[in-house]
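Sharing a structure here in structure tokens format.
Order of writing sets the chain letters: A, B and C. Residues in each chain are counted from 1.
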Amino acid sequence: MKRLVFSLALLMLAATGPVRAETLQIDGSTTVGPIADAFAEYFMRTNPGLEITVKKTGSGDGAAALIDSRCDIATLSRFMKDKEFKAAVDHNVLPVAHAIAMDGVCIIVHPSNTVAALTTAQVRDIYAGKTKNWKEIGGPDAEIVIVSRDTSSGTYETFNEKIMEKEKLASNVEYVNSNPQAQARVKTTAGAISYVGIGFVDADVKALKIDGIAPTKQTIANGTYPVARPLFMFTNGYPKLGSTVFKFCTFYLTEKGQEIILAKGFVPVTNY
Amino acid sequence: MLESSAIKAKQGTLLDTLAPAADSHRPLVLTPTEDIRGFLTLHLGRTALFLVTCTSVLAVFLIFLFVIREALPFLAKFSIKEFLTSTAWYPEAVTPKFGTLALLVGSGYVTIVSIIFAVPVGILAAVFLSDIVSMRIRNIIKPIIEILAAIPSVAYGFFAVMVLAPWMQQKFGFSTGTNALNASLVLAVMALPTIISVSEDSISAVGRELREASYGCGATRMETIFNVVIPAAHSGIIAGIVLGMMRAIGETMVVWMASGNAAQIPSPWWDLSQSVRTLTATIAGDMGETEKGSPHYRALFAAGLLLLVITLCLNMVSEYFLIRAKRAGGKR
Amino acid sequence: MRPGVRIAIDKIFTVVAGASVVCLCLVLVAVLGPMLLRGGSAVAFKGTVEFRKMQLVLFGQGDEDKIAAESRQAEIARAKIYSTIEKFKGGIDSEALTEKAKQIYRQFGNDLGQTNMSAEDVAELRSVTRNIRDRLESAFASSNTAEVNESLAYVLNFKDDPRIKNTSAAGLIGLAEQYSKDIHGINLAERQRYYQELRQVEDTLIELLGPAPGSATPALMMNRFGATRWDLAQKLLGRLLWYEEWIKQGPGQPMVRRLTPRSQRFAGTELEGLFAYIQQNLPEMLKPRPTFYWQYFIDDSTPGHYFGGVGPEILGTLLLTIIAMLFVVPFGVISAAYLVECASDNFVMRIIRMSINTLAGVPSIVFGLFGLAFFVMFFLPMFGAPSKGCILAASMTLAVLTLPVMIRASEEAIRAVPQTYKEASLALGASRFRTFIKVTLPAALPGILTGVILSLSRVAGETAPVLFTGAVALGPVPKSIFDPTRTLSYGSYDMAVGDKLAAMVPHNQFGMVITLVLLILCLNTVAIVLRSRVFKKLAGH
């Protein structure tokens, strides 16, 4: 028995340099994560021998991984910040952005909430803590439970810039770490309000109209919805034509890619 | 030569061992080479073992070095007083604010409440196991406590967020199921095995004479336990409680998933149904998305350093009490 | 106090103390119970024919002929649904019409590329046809009769245009003509409502029964099969049969959910009887059977764990645990040996002991950061390995994490060996080293194994240290120790909060957590059995 354990261990330690199949490392945002997962699944099925690893720890982490050359593609739900660009150039990495899909940050509430539309100013007041009860804005008499994404997420960045206009959030705001968590909070709490990407809106939550415009594929694609944003994949320089990275980053232009993007609930950038 | 006689002694008969250890053919004195070899192996061996033992020192040193190295630029630039006493934690705002008071209060709050839940149950259970119940039943109950200790923290976090939070929201009508109460309850369950095992060890170590003397004076069992045994074992019990506190304050996964992560001090301070955020959850939650090298990143390391310092202090306190307990145990 | 009162208090105290232990047991049951129940349904459940089809396609498991026969039977039962829907859809499916228009436009664009007209002519023709297509689309989408007629009139103007007449773009004109015939007399407002609700019904049907026969195979594996479990099918059936809407109550009151049967919503159309038919014949369409999916512990999974099992995660956790143990046990036992045998109570010793205790108190997240910065970024490049998260870095981080536990347990075990053993061996002439290896260590083995047990539980269950050093959410099975891996602990965390698909498969969420707990309990049991065997062997001597 001891011998078995030891030989197993030796085998593991000896397997240090096998003939490696082609690999692709993807790291970054939790919003773009489902798209990357789905693309990876399709690619691995059509190219046996290709191995793709996807990590979803956050846009900032993806940028850092690209800068350290720890990944081939970084998925970000926001554009790279100035400091990240500078750090990348210092590390001889030239980030090139590919906008693979459009996303809209939807304000969601529980379906039992009578409120169906709000203005940007009203949302700002709620999140800043000035409005505390739903009845002040035409809803039922219930305390507003404010849920936000954590302060380093790309979704939060978009929300902060376009709706909060950088005003500080109230101190009793609950923070969750991912879109599904935010959606789960709203689904189970009647007085909750939160914001998620449009890919995470389903029948269990209600997306509000903002400034009179409902978040649909059309309004996001043509930019009339006030809180629309592109989703990015960043590579180190433009990928070599015909390489796997190139095919992965241009997959969103094909019909199959757009079918996947639509299936995940996002908005394709082009309209075949 | 000594080796051969040792081997013979192990394998041989009584008669063999009575043979003289040395005679003219087998002197006891070592040859110079053997002597030097023995000396070298002894000391080199000792040094090697010493170096291996020092890896733990090296590890602690490296941890502190690394954390301090990353946190120092932040501590040099921002005021430490503001870091420790301001409740405004807005690391990504236009003018970032790094006040960890709300986070510290959050950590302390869930720790203290969890200890309040865990200590009575823990001490009662320890007393029950050591004094009241027979050895057989004790050996049946011990595995239950070991299982509680073996359940990983992510499973507890899972339970807290998927089972306890919805139940709490429905049953009590809280506005949110992920709150301080939720996190405290689960942390109490996680701290219980530590408290029970250390307390039980020290209660068992209290000698029989004390108990018998008390019974001899006519005290009931409860009176003996509360007035004699527990005071005699109090150092060990306190050490156990402090170790439980260390577990609670250092726990990451459960509070990250179940405490709601609102960086606030609950507004009537006794309101457990509000969300709080702890230091550990802040570090784990924010680290993934921060820019490496930004002030936010360094502030998180400063928070980590704060956490290290707090656990170090708690460690020293528990060490002190453990030493006192050992000394008290040995005195008898 | 009177003696009777004191005795009564004593008895009450006994009961209270017993209650606290009962409380502990209840807590254990409360924590593990729901997870076991719901996780157990990942392995033992009622599976449908879709499940068996999926297993065949994805994992090659199952009897191909039997499954094909079952599928055929199921298809016969389902055929009626699709034909009924087709009949109803004819006049109201504006999306299909829009698709057709887009296809014709694309075809026309391709054809233009084949001819040898000048570039300006091509561009002009394309813009004309694009206008036609856009007006046609707005006609299909609108529910205002006047607007529709206006758009159709615009399109029909081009009927006799020579540039379009004999090309594929004439198809657009054909669509316009067909459409104006179809909508003649239909109430367009109702059509919109029918269309939207029909979309809901169709979407639910796709989730329930898989893609409609004849439609394109979806790109993603999860969409290629219908409901694989009977309980999921029941949930979808509920969504199919009932239409949910939220009704306003009074001012200041939240809305309430109202459910109307769908047959009512489609009253008077061909779809009215469809729902009762589906409800009655669902068993025939899905063929549910009790399934025992023990391969759950071996199979790989599709992304998001929608289908499949937790095999790679178990492998990852086991690898991490074993390799970490390989690091920890020698270091721990040797350190403990030194501390017991050769240590004197001087300043250096005190520092070492303090370090061990400090190490025990460091929070797990700080270990994660340390592991990332030291092992991944600094240590690995020293040996020429790429500096990315891998099993080796994660194992070393976990080893440092459990080192204090191992040292403490080993030290206690070695100290507990009676002095007489050591003295006897030394008296027989053995060197100190030999004494330790041959006498003390075997006698301390049970205690050391206790340390191994405690370390095992810690290592297998920790998430924070492996987050940054070696765990990934989606990735291939690791081929060497320089690859990252999926683990049960990180997977459980990801399933609980990170993944959108996970909420659709709660049995997989709970399944993974309970697999982790069971794995740890199994490792514990194996180690306990080993320890009692060693103990018996020692006692026998």
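Just so it is clear, a residue touches a chain if its C-beta (ideal position, glycine included) is under 8 Å from a C-beta of that chain, and two chains touch if they have at least 3 such contacts.
Nothing here was measured: the structure is a model prediction, and the numbers come from that model.
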Exercise for the section: Return the chain whose centre of C-alpha atoms lies at maximal distance from the corresponding centre of chain A. Expected result: B
Completion exercise
Taking the mean of all protein C-alpha atoms as the centre, the chain whose own C-alpha mean lies closest is C
Problem - Most extensive contact between chains (C-beta pair count) - result: B-C
Practice task
Could you please state the distance in Å, as a whole number, between where the Cα atoms of chain A are centred and where those of chain C are centred?
Solution key: 18
Completion exercise
Here the gap between chain B and chain C, centre to centre from mean Cα coordinates and rounded to Å, is 32
Fill in the blank from the handout: Separation of the C-alpha centres, chain A versus chain B, in whole Å, is 37
Practice task
List, in ascending order, every residue of chain A touching at least 2 other chains.
Solution key: 57, 176-177
Problem - Of all residues in chain B, the ones touching two or more other chains - result: 288
Practice task
Hunt down the residues of chain C that sit against at least two other chains at once, touch-wise.
Solution key: 467, 497
Handout entry: Touching residues on chain C, where the partner in the complex is chain A
Key = 102, 106, 218-221, 223, 244, 246, 248, 252-257, 302-304, 319, 322-323, 326, 387-388, 467, 472-476, 479-482, 484, 494, 497-503
Handout entry: Footprint of chain C on chain B - complex, ascending
Key = 2-3, 5-6, 9-10, 41, 45-46, 49-50, 52-57, 59-63, 66-67, 70, 120-121, 124-125, 127-129, 132, 141, 144-159, 161-163, 189, 192, 220-223, 225, 246, 249-253, 257, 280, 283-284, 287-288, 301, 304, 307-308, 311-312, 314-315, 319
Problem - Residues of chain C that touch chain B when the two form their complex - result: 6-7, 9-10, 13-14, 16-18, 20-21, 23-25, 27-28, 31-32, 34-35, 331, 334-335, 337-339, 342, 351-352, 354-370, 373-374, 400, 403-404, 407, 428-430, 433-434, 457, 460-464, 467-468, 489, 492-493, 496-497, 509-510, 513, 516-517, 520-521, 524
Exercise for the section: Within their complex, state which residues of chain A touch chain C. Expected result: 5, 8-9, 12-13, 15-18, 20, 25, 30, 33-34, 37-38, 40-42, 45, 51-57, 68, 70, 111-114, 135, 139-142, 176-181, 183-184, 190, 199-200, 203, 256, 259-260, 263, 272
Practice task
State the interface residues of chain A toward chain B in the complex, per the touch definition above.
Solution key: 57-61, 63-64, 67, 81, 83-84, 87, 143, 145, 150-153, 156-157, 160, 166, 168-169, 171-177, 185, 188-189, 191-192
